[in-house]
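Scroll down for the structure; my scribbles are underneath it.
Letters A, B and C name the chains as they come in the text, with residue numbers starting at 1 for each one.
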Amino acid sequence: MAKGRRIVAPGEQLPPDTTGPEEYLVDHGEWKSPATLGIVDERDGKHVFIPLQGVYVPRKGDIVIGLITGQGIVNWFVDINSPYQAILTVQDFLGRPFNPMTDDMSKLLRIGDYVKAQVQAFDRTRNPTLTVQGEGLGRIVEGKIVEVLPSRIPRIIGKKHSMINMISEETGCEIYAAVNGRIHLKCPNEDSETIAILAIKKIERETHTVGLTERVKRLIQEEKKVRGV
Amino acid sequence: MARKDGVTLFREDGTRLDGRRPDEMRPIRMEVGVLENADGSAMVEFGRTKVLAAVYGPREPVQKYIAIPDKAVLRVRYHMAPFSTSERKSPAPSRREVELSKVIREALEPVVLTDQFPRTAIDVFIEVLQADGGTRTTGLTAASLALADAGIPMRALVGGVAVGKIQDKLVLDIDEFEDNYAEADMPVGAAPDIGLVTLFQINGVMTREEVMKGLDMALEAINKIVEMEKEVLKSKYVKAEV
Amino acid sequence: MSMTPFRVPVVPTLKKETFMSLYRKGTRLDERDLFTPRKVEIETGVIDKAEGSALVKLGNTKVLAGVKIEVGTPFRDTPNQGVLTVHAEFVPLASPVFEPGPPDENAIELARVVDRSLREVGVVDLESLVIREGEKVWIVWVDLYVIDHDGNLFDASMLAAMAALKTARLPDYEEYETGEIEVLRDKSQGPLKLNHTVVTVTTAKVGEYIIVDPTLDEETISDSRMVVAVDEQGRIVGLQKVGEAGYTREEVEKVLNISLGAAKVYFKSLEEALARKG
């Protein structure tokens, strides 16, 4: 592990100036502690805590990949890989008022379908609502979905999209990594799909290590050679 | 050093029957991530006592009416496997298990940040696989590890150990045999990082001075137990390092 | 499975503020200081059919204890001892939050804490309860009936159990040639033999304050509670932390000191009630 980086466990003392996601840092007044396992990165005397764990808690504006798990009278229930089940209304999906006499919900979305949607509202007191009104949103009709720990998504994307762009370029896959830990892949063939999945799973396992981009790149190139891509 | 009923619990040199010093714990073994399905899991052994714990959640509770509007509901079940004791234990929950489930839940409530997940449930299942004394404190230790392994936000980790009073002497981490002859058994659970005792019971007769001395013994031991928990949790990541 | 209570009354923030500002001045809503229990009233012999009984009023909390003594078989590992069993019922008439049904975790915990506090120090002389060793012994049932809940069920229940046991009489019996034993309830062999007297002292932790004998309102605003069982020699004969918070080492020490002091008040109440009786 690089100098200035260390793994920390819940309850351990961190300097009071440590920054990081609020939900995962406990403020004890004179000191702070991580609420989950994570990494503390010390740079130029500043401490940053990066959690290695945590469930996905929706935030307004997030683009998520949801799984349709149930159907209500005017809405679908959507699993967004979170403790909170999301709701997508038929009216939103259609972009016009819903008429149960003429519109057949089950023809629009079926249980088991994936949708790419945006969190419209959520405040923890009510279930999050989703919208598919926006560019690139709606039912996912092709490709594969890979699930990873939501806390790994930032690393899979990388700084300024460096990691995800590299995998894309090397494999030729179109990749979308949603914050809720679901990654949508559209690949030219099965081999490149497998390679992209192997790369993503490697990042999930080794998120906290340094020099990861290089190692992932090497893995992809070796796999390409083996598979003759 | 024999008692009037002829049972001796200390050797001539002052050590206990299994060779431990009065302030020595049994060998401790901890492992996390032992179950595939659970969000977090742990196996903890204190000597021959073996306890498995699993955590599911935060998730939407099946019975919606138990949801609390401003925090998660913590649900804890302490249960002994039928084969965990010398004589088979009926798998139906006993009054003892009902009480201990509550005592352990109340020892976890101060450290789990339940207010981060309103209306959800966090479930902790503790199965005693082999009982040889100290099952509730071993269960608490396993629960703490399983919660951390599940990534449930925590104020601090907790650990537990029991102190016994045998022939007027305080001894750490009593096993089942010692407990049978003990004048008192004092299980303690604590979160050393935030200086809180979160599980505390006394079964037996002690003076105030003995209680405080025993509590200090337990707290010192729990410090070590919690440090071990941290190492075990981190080792998962340290191993993956290149 | 034990669950975070989800049917708890909502505590108005201002109510807590009111209580806390009184504690700061060393007093409480009912004008008690922080370390004195409420008024204790003990009435014994309230149920004729029971071998011993007592109604305890601790402020507005009321607990009725009945002692029934039956013939039964001893446990295999203690053939030369009688049996003591404590049971608690939170009857639905006592509180809007009590539901009919089998005892919940709170009732079970209450019964087990009272049971252990009696058992560990040997309050009831179990060896005096043998009829035929290994075969027939007296079984002493202590049934606790919480009939009005205004906080601190532990101390009220323990006082009721103790007063009922202290006034309980062991029935006489006749042994037939067949070995059968008939209990003669209208005759008595004399009082039940007891070796010790035990009371519990419950304190609540509210912020930085430790208060003795909390009312229901005080329990609702409290962070946690500690029940300390004390015998007549001032020894600690049982302890249970109850509730959702933790204690620092210093708070534990403070709780022990306060509890040992307050126990004297309960002992005096018991003594006076029993002296009146007899």
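Here is the rule we go by: a residue touches a chain if its C-beta (ideal position, glycine included) is under 8 Å from a C-beta of that chain, and two chains touch if they have at least 3 such contacts.
Predicted, not measured: the structure shown is a model, and the values here were computed from it.
More C-beta pairs touch across one of B-C and A-B than the other; that pair is B-C. Of all chains shown, B has the CA centroid lying nearest to the centroid of every protein CA atom. Taking each chain's centre as the mean of its C-alpha atoms, the one that lies farthest from the centre of subunit C is A.
Mean C-alpha positions place subunit A and subunit C at a centre distance of 55 Å.
With centres set at the average Cα position, the gap from subunit B to subunit C is 27 Å.
Measuring from the averaged C-alpha position of subunit A to that of subunit B gives a distance of 35 Å. In subunit B, 191, 194 are the positions where the chain touches two or more neighbouring chains simultaneously. Of all the residues in subunit C, the ones that touch subunit B in their complex are 1-4, 6, 105-106, 108-109, 111-112, 116, 120-121, 224, 226, 231, 235-249, 252-253, 256-257, 260. Contact residues on subunit A toward subunit B in their complex (touch as defined above): 1, 7-13, 23-24, 26, 28, 33, 35-37, 51-55, 57, 83-85, 124-125, 151, 205-206, 208-209, 211, 215. By the touch rule above, subunit B contacts subunit A in their complex via residues 57-60, 69, 113, 116-120, 148, 150-157, 191-194, 226, 229-230, 233-234, 237-238, 240-242. The touching residues of subunit B, when paired with subunit C in their complex, are 65-68, 71-77, 95-96, 98-99, 101-106, 109-110, 114, 184, 186, 190-191, 194-208, 211-212, 215-216, 219.
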